[in-house]
Amino acid sequence: MSQTSDSALLRVSGVTVQFGGLKAVDDVSFEVYPGELLGLIGPNGAGKTTLMRAITGVVTANTGSIHLGDQELTHLPIHQRIRKGLAFSQQLVKPFRQISVLDNVALAAGAAHTRSPLKSLLHTDSAHEREVAREMLARVGISRHADQMPGIQPLGVLKRLEVARALAQNPKLLLLDEPLAGLNSKEAATLADTIAEINRQGVTIILIEHNLGEVMRICQRLVVLDNGRRIASGAPREVMQQPQVRAAYLGTDAPAESTEAHSA
Amino acid sequence: MLFIELVAQGLVQGSIYALIALGLTLVYGLLRILHIAHAALFTLGGYIGVLATNATGSLTLACIFAMLGAGIVGVIIYRLCYEPILRQPPFVALIASIGLYIAFEEAFRIIFGAAGLTYDAPPLQQYVSVFGSLHFSLAELVVMGSSLAIIAALGYLQTHTRVGIACQATVSDPQMAQSFGIRLRTVRDLNFFVGSALAGFAGVWVALLNNLVEPTMGSVPSYKALAIIVLGGMGSVRGTLLASLVLGVAESFGTIYLDQWLDRNAIAFALLILVLMVRPQGLFARR
Amino acid sequence: MLELKNLTCGYGTFEAVHDLSLALQPGTITALLGANGAGKSSTLMCIAGHIQLHGGSIMFEGRDISTLPAHDRVRLGLAISPEGRRLFKDLSVEDNLRVGGLIRPRSDYAHDREQVLSLFPRLGERLDSLAGNLSGGEQQMLAIGRALMTRPKLIMIDELSLGLMPKVIDLCYQALHKLREDGMAILLVEQNTDRALSVADQVCVLESGRTVWQGSAQEAARDPDLASAYLGLH
Amino acid sequence: MAYEISLLTAMGISVIFALSLNLITGFCGQISLGHAAFLGIGAYTSAMLCKAGLPFFATLPVAMLLAGIVGIVVGLASLRVRDDFLAITTMGVVFLFVGIVRQQEWLGGEMGISGIPGSGLDRLGFMWLALGLAALVAVFCIYIQKSWMGRVFNGVAEDEDTMRVLGVDVPRYKLAAFAMGTALAGLAGALYGQHFKYIGPESFGFIESITVLSMVVFGGIGSVPGVIFGAALLSALPAWFQFIGDYKLLVYGGVLFLMMRFSPGGVAGIVRSLLQRRSAGHQPGASS
Amino acid sequence: APAALADIKIGLNVPLTGFAAADGNSAHIGAQLAVEKANAQGGINGEKIVLVVYDDQASAKEATPIATKLIERDKVVGAVSGSYSAATRPSAQIFQAAQVPYVVAYSIDPSVTRAGDYMFRVSSMGEVQGRGGAKLVNELGKKRVVLVTLKNDFGQTLARGFKEGAKKFDLDIASEYEYDIKDRQFGSLIAKIKSDNPEAIYASGYYFNAGPLVSQMRAAGITVPIIGQEGYDSEKFIEIAGKAAEGTLLVTSLDRDSDVAETKEFLQKFREKANFGADMVGAATYSATAILIEGLRKTGGKGGAELRDAIAQGSYTMPIGTLQFNDLHEVNKDLQVQIVKDGAFHRHSVLHDPELLAAPTKDSK
């Protein structure tokens, strides 16, 4: 792969997000290339979620620019960014509680119908979208829960529902914020495999995760944030060897290998 | 001179609004319900105030009775009416509250008559001049002073005491608040009692200023107080005070200079909409 | 210290936990494990007094607290860091800690707060932020810190390591060791199974609300089935 | 007969009006305490045009259009505020409407407009017109529920932030709800003026806004049959309550309160739970 | 009742609940007094008169079905409006269409009598009363007036009339203010009025506005004459304003010091029945009802065109004056000026000016 910044799918340059006096994201730049599975890691409060929100438009960047392919996203509202091919699953899960798990995903799959009020008014049929939704639920392994209401689902199911919903939007670039949190190691490994599989099928993914074992296993490249700044990036193993990363993330005394072995 | 006088009159009116809206702020801050029936407690306070003053001759006693009466009825309303429907969407409580307000208004009319009651010998009517040419009645001065004092005290309580923090925690997550030793019922009862007692207090004084308490006395406060707490940023004591005074002064000038275009209510709401378009979270955001 | 006797609880007619019996000693860590939806969180919420008991009883220090309201249980020394953190979102970090300290004498506040902040220095930097604006990991720290502010005899922590970075997980587990040494009983729910197994004195595994395995940590280490069958370890 | 006709006509108009609010508040979750303003716009538009010589039927589309346009403007303003802020902002709209109209001499000022020319239909014919339009509006609402628009509305009502994340242009949907709801209110208004033959600013104030919201919530917010029932019942209630004379409003207030207290889902909620109980009786364990 | 079939039914719509309930109550009592008196005198050819009363909440929406119901269900031969304009206007159309005579007590909307020839009104139009107010100011020898207007149809027609009169008498209207019917606090208004420095104040309003308004004006040191009208005409006004009410003048139709037997009797009977003194609303509704009954006496209980013509022809001595309907079925009468003295209304003067106080006719615009 020749990775120049021209061929990048997502280009984040010089993005800063400030909350009052706090710089949650501080002049961060990086690129994501088509087909890549990029891990975004860093200590708690480093600004990962905020950066993701800046990319998707939930918060607006104070400075910097964001490009998807050759289109600038920086000042677009969320829904337009989504329509250009972004999808994301959030750290805090928020399903619609009034409709079933399946319908939650089907709603996301119906983007073609919900593009404008008029279009949506003229369509009633949802068989196709439900079909897609079933497929997505199967993919993340919660088909069993399809017809139940989300309100009573345990966290693990909700996390996967959130991923399924993002997938159903058929994105070019998928942003996942801690999808593995709350799963036990077997489930986590399975979902991680699913994520890797989705990636192989051509979806570019940014993965925010604290489960280092899985991150090291499936990610092709890492970007590390600390205190809002990018402190490292590159191949996973190399990055994890860097002292500033180890200091910020693992604690000085912990050898990298042990952490990896630990969950792998 | 006229300018100053209009400001002064606006402040009097504003502090009346503040007294009424403050109780509503407390209730809203705690339960997030648009408690229209609050205005019925205001009217109740007015009735108790007039009846008690006429019976005992003491305005002080009447205030105490009115505050106790309104406070207790407020707690009863909370227990019987709102507590069971807290988990419902907010408009359920709103409609229940409207129903309750209508019923109260009618009950007052049926019991005390449609024409209303007056003080036999209204106290504190003497006029005093302040700064030379500004004139206030004693009653107006008491209203202004007490509303400022009460608001200062409440503002302090809300942010600086354990009770205040417990209230705020209850607003945020009632179930978890219990897990930190907070008795939900106690906190809510207390809030309703204090909020309703303030409404009752306001009722006594408005009845005195008008020398009239009517069944429909609460109809203007029922919506204007809501507008005020929204303007003030919902649940903020400081915001409520500021919004009340701003509104009072705006109306004071508006009724003189804008009456060809807009009436008093329209002025209040035009101001409200204007502010909300610029600051959708109200003058003061919560906290 | 805490004894669950045939505890059964759930939502409406649905039983989330069935016939659970468990005894916790002071100065021990008990790990409650199980797949998603096994009923772990429900157990904790039931002990804390937020879910109605359908059957069985909860004894705390020899006293039956089955019907005691939640706000009295915490006064006896039972604290919870619940699933989903449930912080007071529009209160500041400082105020969240103050709520934690409500049941303590005023004079202890400064000292208790110092202790929590030394455990989670990151919180010290964010004292004036609204809890709702904290990052995921910071929220988790605050939830635990808030529970510790009540100076409990028993602390229940749901999903301790959820959303925490490895360094902080290490810190938390060190803290658990210390709390155990101070004689606190700890009831831990974890998805990070082997981490939990490594600190626990006692293990209980749930599946669909039923107890499928229970025993000491040593037994757990020796039982080959446990890891593969119930805990999803490879 | 004329009495029943008059009552049924009024019911039909109330049903259209309530359904139009339900579209905004029930379907799309945007609580409005100022809906009567749009009833007023429709009524005034139609009445003025009728007086200017236009046939009544030609005024209907104009009334709907004008109410809808003002609805979009109000909708645009309300995009900035949420929840209770929205409720109070819309409440402001109705006070502004009344405040402005009463100052306009050309709209009859305080006196309002009377002597509105007839529609050409007799009273019976007009009743059928009102009932027919009410039925049409009801069918339209049910259709919306079934369409993708209904799904999006539901989503917006529950959590608009998440809808944005799903790529939905939330503001446009809100505006669509406002436009449709207020246009239908305008239709109801045109019929209102024609039926009562007199309109004045106070007929379209806060009280009327609250009344229609009560109808919607009383019937069961979001449920089309429920809202129809609620509107029909509450619009006739004061007339039926004449026999309790003095206690009429007391009872009305009490009924509202008790309904919310004991069945927050309104009439539709009661029916739903009855049906559920029955089906649960037949096949134990059935849920949803 | 078994005898019901033979009874003669007349209808009455009044606001018994809602914001206008106090006026509705007085109106109701007034109408009852008229019916009781007629029945005590043997009814109509021995048949009892039955008053069918419905509460219209002073709202158009409630009034419409009520009018229909009175006509259709209760088959009344005639009806009385004891309500505000909002409720009376739509009812007028319905009664006219059904050709049932409708006698309006105190609603002052011009469109009511324009609805057709079955409509009658016993009180003076707002404009007429307003002109009377201007005449009174002139007679007091004052020139510079401030006009305070209640913002509703009542207040605005009064203001219109007053301004017409003012032009005629060459009064100087220093400024003009409006307030809302719900207002009770007038601080800013009064501050402004003080700065206008008028010689007299003409302020429209109902007793619940006027009470606080007058007492606040007096307290603020305004000493010039305050002139009110019908809306003030209730003992409640004096009760609210207390000492401040002393000296207030009102242009109305009910003379408390009247020597006319009918008026004296009415005032006494009203106090007995109501436990408070009669007001304008009660007197007007009494008169409207009594006139309808006298009409029925002439037709022997028959309604329709016969009753219409019977009512239109007579001359009636009523508590609110001697009345006679013109071609539009409006009345021409003198206006009574009352003054508050020692906590009661007393006669101040009578405004007699058939030209200035002429009611509108069919031909007037």
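Here the chain labels run A, B, C, D and E in written order, and each chain numbers its own residues starting at 1.
Convention: contacts are C-beta pairs under 8 Å (C-beta built on N, C-alpha and C of every residue); 3 or more make two chains touch, one makes a residue touch a chain.
Note that the coordinates shown come from a computational prediction; the quantities given were computed from them, not determined experimentally.
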For this session: Could you work out how many touching-chain steps separate chain A from chain B at minimum?
Result: 2
Problem set entry | Number of hops, chain B to chain C, where each hop joins two touching chains | 1
Exercise. Relative to chain B, which chain has the most distant C-alpha mean position?
Worked result: A
For this session: For the chain pair with the highest number of C-beta contact pairs, give its two chain identifiers.
Result: B-D
Exercise. Distance-wise, how many Å sit between the C-alpha centres of chain D and chain E, to the nearest whole number?
Worked result: 36
For this session: Mind checking the centre-to-centre distance between chain C and chain D? Centres are C-alpha means, answer in whole Å.
Result: 50
Problem set entry | Centre-to-centre distance between chain D and chain B (centres being mean Cα positions), rounded to whole Å | 30
Problem set entry | Residue numbers of chain E (touch at least two other chains) | 17, 151
For this session: Could you check chain A for residues that touch two or more other chains and list them?
Result: none
Problem set entry | Listing of all chain pairs that touch each other, if any do | A-C, A-D, B-C, B-D, B-E, D-E
Exercise. What residues of chain E sit close enough to touch chain D in their complex?
Worked result: 16-18, 54-55, 57, 59-62, 64-66, 68-69, 71-73, 85-86, 89-90, 93, 109, 111, 114-115, 151-153, 155-156
For this session: Within their complex, state which residues of chain B touch chain C.
Result: 162, 165-166, 168-169, 171-173, 175-184, 286-287
Seminar exercise, completed: chain B partner, complex, touching residues on chain E are 17, 19, 21-22, 24-25, 151, 177-180, 182-185, 187-189, 191-192, 195, 208, 211-212, 215, 219-221, 234, 236, 239-242, 276
Exercise. What does chain C use to touch chain B in their complex?
Worked result: 48-50, 69-71, 73-75, 79-80, 82, 86-91, 95, 98-100, 102-103, 106, 146, 150
Problem set entry | Residues of chain B that touch chain D when the two form their complex | 28, 32, 34, 80-81, 84-85, 88-96, 98-107, 110, 223, 226-227, 230, 234, 260-263, 265-270, 272-273, 276-277, 280-282
